[in-house]
Amino acid sequence: MAEPRAKLGKIIVRQLPTNTDLVESIKKVCADNGIRYGSILSTVGSLRKLTIECVVPSDKSGSGFDFGPPKVIPGPLQVLSLVGVIFETDKGEMDTHLHGSFSDSEGKVYGGHLIEGENPIATRLVTVIGEIADVSLIERYDEESGHRLLQVEPL
Amino acid sequence: MAEPRAKLGKIIVRQLPTNTDLVESIKKVCADNGIRYGSILSTVGSLRKLTIECVVPSDKSGSGFDFGPPKVIPGPLQVLSLVGVIFETDKGEMDTHLHGSFSDSEGKVYGGHLIEGENPIATRLVTVIGEIADVSLIERYDEESGHRLLQVEPL
Amino acid sequence: MAEPRAKLGKIIVRQLPTNTDLVESIKKVCADNGIRYGSILSTVGSLRKLTIECVVPSDKSGSGFDFGPPKVIPGPLQVLSLVGVIFETDKGEMDTHLHGSFSDSEGKVYGGHLIEGENPIATRLVTVIGEIADVSLIERYDEESGHRLLQVEPL
């Protein structure tokens, strides 16, 4: 089955401000530039600390999976990867789903689901965000799995 | 020497189906949408288990390198990065070369070359694939190294 | 505040030559193809060895951070992620800022800031580079932090 065809719209390259939160800053850049739907293309730089959740087995979720407790890793850390999408909730609010990997001062690597508000940027961090055009990306609650799932629809 | 110039064609954003294999699902999305050549742009979500190969020194290969035995890591795991390309073999069959990094329930990070058929998707996994247009990407056997190498040619 | 709007220009997909340095090869591909500003979109393959720097706390830097001593990890290693940008210095010279994650023969994962000249490519390594068009990306020294920061300006 063919998917709705999207294309890349505008590209934003941005040095995010020191000491702001990584997830909040990405959302602000998108809001400031009229990007409702997007994808992280490349991100390089450092964080002061890292706060992530990891996925764990769970009897309570329909899917059998849930998030474990937040893990805080003291920084400074370098961004080794950042992946994910910018979309809207079914109430029309901007949201993100971002995972990444990071190395500490000794080169040890950590990674998981980024918790908004808890990942302050160190001095330098540049992100490249690509607008997804011609489709909408909306996350809706799925009863079967007990999770919100992304739905892609032609605009 | 200038390379053949490509451009990004269509973009497919897709919630891949629960319990399907990550590599097979990416190939199916490309086939369903007429993408012969492409690049993974961003992938976020979780796997039920991870099956990878790592590169090892080898006396038998012309290049001095080969793949070691498959490693299976029990899940659930989160995708921290997924990189690679979609191309064709010299027989015209779709193929992929995909590497990635993944974290388990404790935040420990693993990664390598993904083995097709052995990386089942958990509930949520969204991938963004970019079509590579204006060139062909074909992997051909290279006698000197004993490996298949990607050749990029203008269309 | 809206940023200068960029778009993706040409895309270069390239099998980088065996035994050349990863950072130098990326710069050469950009120079050969007239790419002054760009972003790494996807990179898959292997290195013969890895040489990285990690970020450490520092009393000497205005920002409180600096790079630690280089770490050399014997290969072969697989590329699990490569992120970063191609830009110019304030003297008009091409430069890059590249981080990545890599796994060794046992699947152990390492990562950090790539040191130019010290990351030789094994047999196979394919990179996908996207040209950033309609803006300039220039790194200039920032007195307050003691670091060079990327400035994005409309062309």
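Order of writing sets the labels: A, B and C. Residues in every chain begin at 1.
Just so it is clear, a residue touches a chain if its C-beta (ideal position, glycine included) is under 8 Å from a C-beta of that chain, and two chains touch if they have at least 3 such contacts.
Quantities reported herein were computed from a predicted structural model and do not represent experimental measurements.
Asker: Would the interface of chain A with chain B count as same or different, where same needs over half of all numbers used to appear in both copies?
Answerer: different
Asker: Can you give the rotation angle that fits chain A onto its twin chain C by Cα atoms, in degrees and rounded to the nearest 5?
Answerer: 120
Asker: Using CA atom averages as chain centres, what separation in Å is found between chain A and chain B?
Answerer: Using C-alpha averages as centres, the distance is 21 Å.
Asker: What positions in chain A touch 2 or more of the other chains?
Answerer: Expected reply: 8, 41, 80-81, 101, 109, 130.
Asker: Tell me, which parts of chain B touch chain C in their complex?
Answerer: 1-3, 5-8, 39-41, 52, 54-57, 63, 65, 68, 71, 80-81, 83-85, 97-101, 109-113, 130, 132, 135, 137, 145, 147-152
Asker: Flag every residue of chain B that touches chain A in the complex, lowest number first.
Answerer: Answer in residue numbers: 8, 10-15, 18, 29, 32-34, 41-44, 46, 75-82, 101, 103-107, 109, 122-124, 126, 128, 130.
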